[in-house]
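A, B, C, D and E label the chains in the order they appear, each numbered from 1.
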């Protein structure tokens, strides 16, 4: 079967589709997040054992880690749509990138915030210049930069393309930045290698965490689509279909396009 | 091709020489920022020695960034940039010429003034040489990366500070390895070579990638 | 030489013109007219390729200008609301840079002659920031004398010029058109040509929102 | 009189709100500069704690100074400043209104974000309060003093960096006593009151002297 | 009203005019003419007190303008090469600020009426950065309708305006002069007045160095 993807690349077709998907994703997200919270709070061990016995507050992991994952994934999505937009010049891709950015920034912020509140009881400090924390902070700056640049430019087309270029430059730089922070001393990098402890984690915790991640993921879809619909309406004000839509709601009068005439004389 | 490159390079350097203060102010900004810190944090020798490389590099970052704001702005305001876009010459070449001129005027002087700054922070002989070398390799990367940001924020109100928001995070690797090389040079057994290898790799990558990216950004901004 | 096909442009939320088509053969001048805000500047910038139109195509000698890119730019001389000269360079230096960028091989003597012709003899060695509004504009216009580009796009070139300079500029434009060049220009004044064809294009008045 | 003051104040705040990013970028610049240092100097807690007050104050200085560049520049470029000079109103009043608006938009936010920055440098409770208080009293002085420099460098190419050259030395007393107050607050026996008395005196003096000085500078720059 | 006595000004090393004297009674228009670079803008800025002349005096109702300072400014409306409007404010907001600064007590309705008269109905609520060259100029010119100042000093007010706007501006100037105001203006075009006196002052061509 061959689907005409370009049909869906038009804002006019995508607008109602997004409208139908929003409640679907929204409800699923809420359900999954509630389930994950329930599972995380009631079905997991009361305290973690091992060398560093963590008290009840380890449960913040069910928000913290999924949020951190989402923040990185969403940046990839953002840069991906930006690249598609720049290459194929499709308006919808830029709009998608814009719609995703605030959600990504929010997850980054949540990861930082929950991390800080976790750090207080477990490390005795809100903040430490641990490589991972620093990288997350820089990711936050990249999101903020993207949004700041976009909103600093009046002309929406220039704003889209400039912000998209920035997102791509950011994506190229990101691995280098992360790596330089993780390995500030190239003489003995191997010693600093950080190992993820996810493999050894208890399965209940894993279930709760993965469910929460999925919930966050759907939440990202829902919020991005809501924002996307707003953006589409604003950008396409002039087009016939939006005018019909607005007219149905008894909306405002739209300007007519200017006419032009010409005469030739010798 | 080469003729156009030289023409733009010469033009920018002539312009800067007409207003010699421009060149000097970047330098003085650097000196002032470096000298402010001891006022803010106190003047214990040990503390300062530890701080030295970081402060000098952060100051270099800030100085380079501030000067960048004007990289395209003047040309944009008077319409010469528009003319460059329409010149029928590869835009990345023109951009590269402008960046090179910019570095010669604002980055290179920092390299030569660095020993004076190092003195204020009680750094010793080797550290001073390493600092000069790291600045010499690192500051062109700053100029090249910064050009992208300067092109993106062209003509925006509050562009200067927006530029710093966009660019400073991207400067981090250069800061880490630049300052790292100097810090490490104080330890006898440690080797600074990997640091310079990395900085050199950054420079090469930036030389290849940054001009086309800036050119693309300029075309977007001029629309 | 220049063909415009169903062009439409918008700025902000306002569509300025739609379905605009015309062809501009060699040896013609197109005088774009219209009230303030009718989209003249927008059209001219689109013709240069500085601004991407919403719809429609612009072709130069049969090929789309987006594909020609630098090849089109080399055949074009654009003169916008801004003069495109550096205030800290002298008239001579400014024109030298412009000539190199345009790849017009011309010696300093040519440039000095051009400056003298445009009425700036004696001002060649002053930084242009020391010149008056109209004198700055004259420096920029000296490029018209030096350039070999077949297509000139001029946005309100007569503003700030005194009557002598206006007469000179009219003569330059007439010569260029007579020499099989093409000119697109906007101005609120009337334009006469001694030879060559004048087309007039009037952009509609902008609808108020 | 008061009506004109309010009119200009409201105008500048409206303008900033039209471009909300302007306000946020000053703030983020501050945050980024503060966050860069640990990357340059390493992240030992003790070292950072000692550095904290100085770094935060230097960053505040730089942020305030950078934002100042735009204090009159925009009005100069579009000719509204010329109109203000010819308005037949006391120019120092107009200048004061512009400076107040500027501080509300760029200085005040720094006061509120300071605790977060203090956290990064592991400062404790009292130190955080003292830092907020010292910023609240000190940053208006920075804006007032900076206005003089901004007026003097108006319309000069490379004004931004020239401005910093003129203004940073004047900022030094504020930096010394502002950062000093925070450092001293960590020591139990020491008293921060003299520091605040001095900062307050600076503020009063600046309020009286800076607006007429800036007005005079503006008249000179506009000739 | 305005008396100029042996005025001389120089810019850079060039003396532009010396010993310039004239008086401008109420109900007169002074049209300053001259080639590009002859010193028209310089003269106008000196008359406003923005630029200090080398020699000579400028008196307003008998008193030197340097002594009157703000009192003179309140009776003056200057309109230079720059428009003096903020690009981020709408036309309405711009004029509101201008009115407060000039101490013209006028309600929003007056301002809207002025904007409508100048041909910007429908554009009142757009930030002026979204307007074309000529529309921006019109916003600034709306101040002429609102102002009560007896002395207008206008530097090339006709540039970038289309024919409708030029006609309107000519009418405004004529009304002002008829109402016992005084106007100093530069333009390269001809100026007619239905009533009131026109003086013409031609600044000499610049000596080449």
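The rule is short, and it goes like this: a contact is a pair of C-beta atoms (placed from the backbone, for glycine too) under 8 Å apart; a residue touches a chain by one contact, two chains touch by 3 or more.
Small disclaimer: the values here were computed from a predicted structure and weren't measured.
Counting only chains that touch, the fewest steps needed to get from chain C to chain D is 2. With centres defined by CA atoms alone, the chain at the far end from chain E is A. The greatest number of inter-chain C-beta pairs in contact is found between B-D.
A separation of 37 Å divides the Cα centre of chain B from that of chain C. Here the spacing of chain A and chain C, counted between their Cα centres, is 46 Å. A separation of 32 Å divides the Cα centre of chain A from that of chain B. Annotation for chain B: residues 19, 74, 157-158, 162, 165, 168-169, 172, 176, 223 touch two or more other chains. Multi-chain contact residues, meaning those touching two or more other chains, occur in chain A at positions 141, 144, 148, 152, 154-155, 157, 181, 184. For chain C, residues that reach two or more other chains under the stated contact definition are 12, 38-39, 52, 81, 88, 208-209. Per the touch definition, chain B reaches chain C in the complex via residues 3-4, 7-8, 11, 14-15, 18-19, 74-75, 77-80, 82-90, 222-223. Against chain D, the residues of chain E that register as touching in their complex are 48-52, 70-76, 78, 80-89, 93, 96-98, 100-103, 127.
Chain D meets chain B in the complex at residues 19, 21-22, 25-26, 28-29, 32-33, 36-37, 39-42, 47, 50-51, 53-55, 57-58, 61-63, 66-67, 69-70, 74, 157-158, 160-162, 164-165, 168-169, 172, 175-176, 179, 183.
Residues 11-12, 34-41, 81, 119, 121-123, 126, 130-135, 137-138, 156, 159-166, 188, 208-209 of chain E touch chain C in their complex. Chain B makes touch with chain A in their complex at residues 148, 152-153, 156-159, 162, 165-166, 168-170, 172-173, 176-177, 180, 184, 190-191, 194-195, 197-198, 202, 209, 213, 216-217, 220-221, 223.
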